[in-house]
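What follows is a set of structures for review.
Shared between the two complexes below is chain A, which has chain B as its partner in the first and chain C in the second.
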Partner chain A sequence: MAWIHGWLGLLAGWILFAMFLTGTASYFRPEITRWMQPELHLRAVPPDMAAATAVAWAQANAPHDEQWYIYLPDDRTIATRIFTRPRPDAAAARTARREEVRLDPASGRPLAARDTRGGEHFYRFHFQLQLPHPWGRWLAGLCAMFMLGAILSGVVTHKRIFVDFFTLRWGKGQRSWLDAHNVSAVLALPFHAMITYTGLITLVLMYMPWPIAANYAKPAAFAAEAFGAEPDTPASGRPARLVPIAPLVGAAMREWQGGRPGTLIVRNPDDAASTVTLVRDGNDGLNARGGSISYAGATGARLSASPPPGPAIETAGVMLGLHMGWFAGPVLRWAYFLLGLTGGAMVATGLLLWTAKRRRPGARPFLGLGCVERLNIGAIACLPAGMAAFFLANRLIPAAQPGRADMEVAAMFWVWFGLAALALLRPVRRAWIETLAVAAAAFAAIPIVNASTTDRGLLRSIASGDGLFAAFDLAMLAIATGLGFAAWRISRAAAAPRRRATVARVPAAVTELADAA
Partner chain B sequence: MTMARKAAGRGWHLAARCLTALVGGYAAAAAIASLGARLLPIAAAEATAWGMILSFLLFAVLGLWAFHEHRLGRVALVIWGTALASVAILLLLGPRG
Partner chain C sequence: MPLEAALLGYAALANLARADARIGPLPVRAPLLPPRIARAAGIALALLSLVAAFLRFGPYQGAVAWFGLVSLAGIALVLLLSRWPVLALRLWLPAALLALPIGMIGA
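Entry: the complex of A and B
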């Protein structure tokens, strides 16, 4: 079991590390997006007001489209997102695909801020790995299965699991890495097992659709039975106006006993057979799928609601909720964040343990060991540098620059892979020290660049009580300190043995000179 | 057999074991989960969901067992055999009426 544990961890480790870091960052997805658009000062509004302003915008700008998807803001996301789907015949006349629009929920006007992917970038990378659909999700799923196998084999292998929980031997090379790997893995084992399994469940419809085929001739029948059929009445052809939306939101919130709507789907908005479906926000409870209620758009009459889920469907919804952590308040969210970092530490210490075990002092490393060492540097030290570069690019690229959102993403990949490539030119130990130092410097630069390019620098944020901006900049400094400390520790460990070797070599050189003379 | 041929034989055996664990394990887990979903005497949507949820654990256990069990013949027979048999039964049964 130890053999397979090592191989599963090694083969999937670098990608898993990247998934852990970007996924952990995604617990603050809306906060990252808000930090990356410092021009915005939006205030939260009640959901009925946000829905009303969104519908007003859609009626003014896309009145004859087939469907409106309106993602209502909550107290973290702040802005309304709208995506509309044009009628098939109208789409032929329009070549460009509709972009998503973000609105100020109080006024209903489109946001005027620098274009950026924001936290969406890390979130999407986490399960798509920047690869074209569906390859990224398949690869992420494969790595998740390897992780599941590594967790099970790790527990089976680790017979003294509770004794070793309390063992952490510093400064003993391979043994220390083993202890660190055990502590980070065992300390948060319930979290690691939960996050891995629930992660697979988030994409279960893609990874394991076969039981649906075993029970249903038409796959859509499963979705209808499990989550309620979507209202799909075709357009009647008779024009009609939508009823005011705010009372519908109020009615839904009463039916959900205070639960909020997260999404609004309006079908055939200008037609007499229009429907308005309100989907409950996943934040309300552990089950991320809160159910939906549909109303007739022209009359406001209640048409249908999704059926209450059975135990299996509820379990799947709760697993989704546990992975996404939407239900978490601020304290639990930070706990998720720290546990995610522990997961990253587990993977990283595992990879470092693998090389520490196989490094023979004085002997030439075999090809595989060299590859693993270089990939370790590329993943563990250079990815954080790339993530910092993403934030730095956000502040340094001019706000009005066209295509700046893609440039920010490109900055992350150029710095990540570029730094890893440059590190190949250096001996392994120096490469570790230098890449970690670059990453530390990049993170430390973020608050400085923020203060010099915007009016929401760290000191200003603390003074004005802007919790989000202050916490973000402080977190960047904390990460910089951690990376810098790591670089410093390695440089000290590298210096000590070299000094002894130099002392030993001098007498030999002197003897040689004496012989030559 | 020469040392080189023995090593090559071991290489092919390892490749076969990996293929059986990864591809065969996935096929067997999917097939068993689907058969369970088809036969469980509860609501179709519920049985389907339970099958989907538990399939990953089944896949992981089968995959690990494929490397734990020493005899490759046994591993291949159990994993591929179960996959084929389950799929055959499912095709014969067809979806729920």
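Entry: the complex of A and C
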């Protein structure tokens, strides 16, 4: 079982580390996006007001389109997102949707801000790994399955799970890595098991499509039965205006006992047969899949509502909610974030333990060990540097530069893989110290670059009570401190054997092995 | 800030660690409890933190919050224990006492 645990963890470890780190960052996806568009100074407004301003914009700019999709803001996203789909062209097989527009929910005016993927980049990378569809999702799923296997086999392998519950010993080489791996795994085991299993369940219909294929002619038929069919009334050809949208939002919120709408879908908006569907957002309950209510757009009459979910759909929705953490308020969101970092630490210490177990004092590392050591550096030290480069690129690339969103993403990968490639030229210990130091310096530079390129630097944010920007900069400094501390610890550990060898003529690695024996 | 479940969780785990023979011989000096009493206090405080989590986060999020916050409290405790074991264990009383006003403010 220990053999299975070790190899499952090793083979998927580097990708799992990247998934953990980017997934953890994604718990602050809206906040990251807002930080990456510092030009925007928006305030949250009630959903009925945001819906009214968005519909007014759509009526002025796309009155005859077939559908409007309006993503209403909440307290964290703040901006309204809207895209419309024109009426199908008889010559075209399928009509492409128009470019997404972001609106100020208070005024309904389109927002002008730098183009960026924002927090969405980390979120997408977390399960798509920047690979073409569907390969990224398949690879992420495979790694998640390895992770689940590693968790189960780890629990079986770890015979002293309760005895070593509080044990963490520093400076004892392999034993310290084992302690750190055990502590980060065991103390947060409920989170690790939950996040891995629910992550797999989130994409289970992709990984296991056969039950639906065997029972339904089309996947849409399954979706209609599971989640309820939305009205699909064809346009009547008789023009009509939409009723005011705010009362419909109010009616839906009363029916949901205070639940907020997250999405507003308007079909045939200029027709007498128009419909307005309000989809509840998943932020006010564990179930991330909210129900929907449809109204006649011309009269405001309630047409239908999605049926109450059955036990299986409810369970799937709760699992999705547990994984995404949308329901979490600030304290629980930070708890998710810190537990995600613990997951990253668990994977990283597992990878380091694999090399610590196989390193022999004075011997040249065999090929496999050398490869694992280099890949460890590339993942554990260089990925954070890449993530910092993503943020730095956001501030350093001119706001009006065409294609800048892609350039930000490219900056992350160039720094990540470039630094990993450069680290190949250095001895392993020096490579660890230098890559971690580069990552620390990059994170420390973020608040400085932010202050020098925007009017929302740390001191000004604190003075003006801008909690998001102040917290972001402080988080960057905390991460820089952590990475710098790691570099400093390794540099001390690298110096210690030389000192000990000089004084006592006992190789440190022998002491470490004796400790671990 | 609704952290009473985490603070009570810390106090609970600190007492359970105190009762663990592997931590080593420590003086029975306030606020450290004798090992047997510490074990009982640890279990009682763990139950109290569970109740606090449900009261604060409601019936649906309570269990999620409890697992998450107690896990984090455990990690903080183990990190402290690895450097300053006596201080880490003694902090159980301030943590438990601090939980009281925080819980009352939120109630």
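Going forward, the second predicted complex is superposed on the first by the 484 of 517 C-alpha atoms of A that agree within 3 Å, B and C clash if a C-alpha of one lies under 4 Å from a C-alpha of the other, contacts with A are read in each partner's own complex, and residues count from 1 in each chain.
Definition applied: a residue touches a chain if its C-beta (ideal position, glycine included) is under 8 Å from a C-beta of that chain, and two chains touch if they have at least 3 such contacts.
Please read all numbers here as calculations on a predicted model, not as lab measurements.
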{"item": "Which superposed partner A:Leu286 touches (first chain B, second chain C, both, neither)", "value": "second"}
{"item": "Contacts of A:Arg254 with chain B and chain C, given as first, second, both or neither", "value": "neither"}
{"item": "Partner chain(s) touched by A:Leu168 [first = chain B, second = chain C, both, neither]", "value": "second"}
{"item": "Touching partner for A:Ile201 - first (chain B), second (chain C), both, neither", "value": "first"}
{"item": "Partner chain in contact with A:Ile4 - chain B first, chain C second, else both or neither", "value": "first"}
{"item": "Which of chain B and chain C A:Ile313 touches, first, second, both or neither", "value": "first"}
{"item": "Intersection of chain A interface sets (partners chain B, chain C)", "value": "none"}
{"item": "Residue ranges of chain A in contact with chain B within the complex", "value": "1, 3-4, 145, 148-149, 152-153, 156, 197, 200-201, 204, 207-208, 210-217, 222, 225-226, 310-313, 315-316, 319"}
{"item": "Touch list for chain A against partner chain C, complex", "value": "163, 165-170, 183-184, 187-191, 194, 285-286, 322, 327-328, 331-332, 335-336, 338-339, 342"}
{"item": "Residue numbers on chain B that touch chain A, as the complex places them", "value": "30-31, 33-38, 43-53, 55-57, 59-61, 63-64, 67-68, 90, 95-96"}
{"item": "In the complex, chain C residues that touch chain A", "value": "1-3, 13, 17, 20, 22-23, 57, 60-61, 64-65, 67-69, 71-72, 74-75, 77-79, 81-83"}
